[in-house]
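We call the chains A, B and C, going by the order they appear; numbering starts again at 1 in every chain.
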Amino acid sequence: MKKMINFYLLEYAIGSLVRQKSKNIFITIILSLLTFLLTAVFFITSSIRYELNQTVDALPEIIVAQTKGGKHYDIDVSKADSILSITGINSAIPRVWGYYYFKNAGVNFSLVGVGEFEDDYKEILENGLLIGRGVRDVLKKSYFKEYFNFILSDGSLLKLDIKGEFDADTELESNDMILMSKDNLRKIFDIDETKATDIVVSVANPDEVQTVASKIQLLFPNTRIITKNDLKISYQNIFDYKGGVFLALFIISLFTFFIIIYDKASGLTSEQTREIGILKAVGFTIEDILKEKFYEGIIISLFAYIIGVILAFTFVYIFNAPLLQNIFTGYSELKTSFTLPFILDIQTLVIVFFLSVPIYISATIIPSWRVATMDAEEVMR
Amino acid sequence: MIELKDINKIYQVNKYNKVVALKGINLSIKEGSVVVLKGASGSGKSTILSLIAALGKPTSGEVVVDSVHISKLTDNFASAFRSKNIGIVFQKYNLISSLSVKENIILPLIPSNPDALELEKKLQKVLEMFEIVDKKEILVKNLSGGQQQRVAIARAYIDNPKIIIADEPTANLDEKLSLRFIEILRGLKQENKTIIVATHDPLFFGLDFVDEEIEIKDGHLV
Amino acid sequence: MILSPEVLTLLILDFLFVLFTSIVFVISLQIWKSWDLNSTLASQYTLEKRSFLASTIIKFIFVIKIPLFLFFIFTLDKISNVLTGAMCGAGVLDATDVGNYLIMLKVINIYLFAFWLVLNNSDLQNPTQPYTKLKFALFSFIYILLIFEIYLEVDMFFSFEIEKLVSCCGSLYSSSSDSLISALFHVDNSLLVSLFYVNYLFLVIFYFFKNNYFFALSNTLFVINSVFSLIMFFGTYIYELPSHHCPFCFLQTDYYFVGYFLYGALFMGTFNGLVVIFKNELKYYKISMLFNSLYLVVVSLYVGVYYIRNGVLLSPM
């Protein structure tokens, strides 16, 4: 049985790479940078996607929102009771929440009302707030340390004490959040006692979500029903889309790279031409020389790939991806300041592999072939 | 037995310029004989050597070595033929200067993906034979002309070819080293190798172990 | 359409394939027109050199195509999360009109590429290169198929509508749907399984007689019989569900990726079985029998183990 890898040829290929140091270092740097950029972007998106999925998982199975002509409106609290009558439903709770714009810092806070059944918080929230970490930092800058003044719709102020802050598993969601009692929230957003922002429904059997959702839709045709799955899909699409747009830009760099490699691999010094002549004269076939060139290509592209991936790893998970991260987060400034959770994403590594190694090798095919089929008799002259 | 029949070789320099290198060459060389091809540079000696080594193909005519029509071989078989039958010593040695002596000498063995032990054995043999054992790991560019010459012969010899071709082997050597090279050839003759030397160095003329001297001028045999 | 990174990666590589195989196609035509190994014309030497470029490119594409095929299946599985109703790759393929043809074409092309390389190898090993014209004629045919495959793939990715509800594999591979596969449901299971084992018996017989043409023919039939019996019978034991007839789901984690192993063994076995047409060597017979037997043993084991554990067989449909 013949050995699969010809180590002497491999050794020769490595030597050949070293002999043309400057050219190969240049190529390695460019290829590493490209893989680094691509891997980093994918790492960031998959981390954010994971974070969002965690958040979505914690969400209720079904959200029912009132619409009028497709526009979102407050929903009647009484509808929750009608929904409860559908079999298979655990609970249907009206929620009160909304975004509050804080002009001083130019950011949005998510205000969430805690209702009468959530006893644990009741006492704390009687006349106070629980805030997320991001909110605390923003408020500190505006010298709100013990209380905060909300501006109501009639122009008057509502002063509420800050009772504490909370940690949560997923920072992306909770960073900009303020918890308060439903009554206070109703005052801030000017919502009637009989109204709520939406109704959340929890279903006993996850397989029945789709059925229950369609039953609610039948019951109230002018509501919009959002299931957890819908949210997941739309998140996935947003991130695939953003990743895709980036990839489209990447394609352009890739083909530029292709041309650079093609050019670099085509330019041969007289010394290299002589070497190929020698190899042929001592009995190398065209295929042997192509194989040697292929070894060179594999070594350089795999090396650059590994370097690029390691760099991306360090950049994203150790330095938390400065600059790049902002492209993918940031619908409110507050939301950007979270740590990316570590996800080992093999799929990303596979994609990046397909976009670096084969592309590099393909760019060297024609130049290598030119070299390998050069007339060997030149070496005799 | 090496036979060249009605060989013509024309190099197409560019669209309008052709160079006729060989015209109607007929030649036969017996196995085990030593032949010196004489002629000024540019006379076509090197071209004949490259045809015998199957490095190039004639424009017309046939090259037959041991009843194999090597001028008709496909690349795979031409290379196999070369690695089995031919060892070449080039005019400027054609060593890869940034590789070590060892790395240069084993080049002909690489395509066959040799076993490490077998390779070491062959290497040791030629190192001893050409007295360069102590130079094994040294880079070729740090060797003297004579030493480089011996490395080149070692490389030509390592796979034990039947035919050894040398193109102007002494062009860059002083007389003493040239004579030493001639002694090496004499030794190879005793191993019954067919040896073809293309040279214009008078030292090779009238040597006792040379079977035939052939003179070439402007692509003709004289 | 879906513009996910996976899909874009596939599209980029498709583009490269088109570019490079088109070069080979042009070379093929030239060789078909004026290949003459005895000629000493410069144009013949040029053609000989170009034939090396062609074989290098084909080798390269083949080597990429195999992992890329797995990646393609994987991508379909991932898209199945996005398409409502689809649970695995099968549903995704069915979401467009061309999906099922695409996957068949992909498999056929991999066989053809591998076949071409073997042909190329035996061609170069012969001083007269007897198959050169043949192999490039064959490539022209492969080229057309490959372009068609890429056209279908691009078409498929562009015609996905995320909002559209698609079928899951459970409803696809059942007697109620009107696809080609559902016609199988009218064939008796025991017949399919017997055909499979009888086919294997023929493999063994021709292995001992070393008749290369019949061995290759049996191998061709073995691919078909294996896939059919896998969908209809053996698959149900992998899922341990009498009604689940999906050839994709066992590629997923839940079944320990056994599908990759099964398809891999089947490919290695039958492919080497086809190679004997050109290279009537014992080595290929052996490899072929080894992998085909491995495949047979593993699928049979699923049935056997199920029977031992439960004491009954899954009722035939």
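Rule of thumb we're sticking to: contacts are C-beta pairs under 8 Å (C-beta built on N, C-alpha and C of every residue); 3 or more make two chains touch, one makes a residue touch a chain.
Predicted, not measured: the structure shown is a model, and the values here were computed from it.
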{"item": "Chain closest to the middle [Cα centroid of all protein chains]", "value": "C"}
{"item": "Distance-maximising chain from subunit C - centres being C-alpha averages", "value": "B"}
{"item": "Computed distance of Cα centres, subunit C from subunit B, in Å", "value": "51"}
{"item": "Cα-centroid distance, subunit A relative to subunit B, in whole angstrom", "value": "64"}
{"item": "Subunit A and subunit C: spacing of chain centres that average the CA atoms, whole Å", "value": "34"}
{"item": "Where subunit A touches two or more other chains, by residue", "value": "286-287"}
{"item": "For subunit B, residues contacting two or more additional chains", "value": "75-76"}
{"item": "Numbers and ranges of subunit C residues touching at least 2 other chains", "value": "52, 124"}
{"item": "Residues of subunit B that touch subunit C when the two form their complex", "value": "12, 57-60, 71-77"}
{"item": "Touching residues (chain side subunit C, partner subunit A) in the complex", "value": "2-6, 8-9, 12-13, 16, 20, 49, 52-53, 56-57, 60, 64, 67-68, 71, 74, 78, 81-82, 84, 124, 162"}
{"item": "Residue ranges of subunit A in contact with subunit C within the complex", "value": "42, 229, 232-233, 236-237, 240-241, 243-245, 247-248, 251, 254, 286-287, 290, 347, 350-351, 354-355, 358-359, 361-362, 365-366, 368-369, 372-373"}
{"item": "List of subunit C residues in touch with subunit B within their complex", "value": "37-38, 40, 42, 45, 48, 52, 124-125, 127, 129"}
{"item": "Residues of subunit B touching subunit A in the complex", "value": "46-47, 49-50, 53, 55-56, 75-76, 79-80, 82-84, 86, 88, 90, 94-96, 98-99, 103, 106-111, 113-114, 119, 155, 159, 167"}
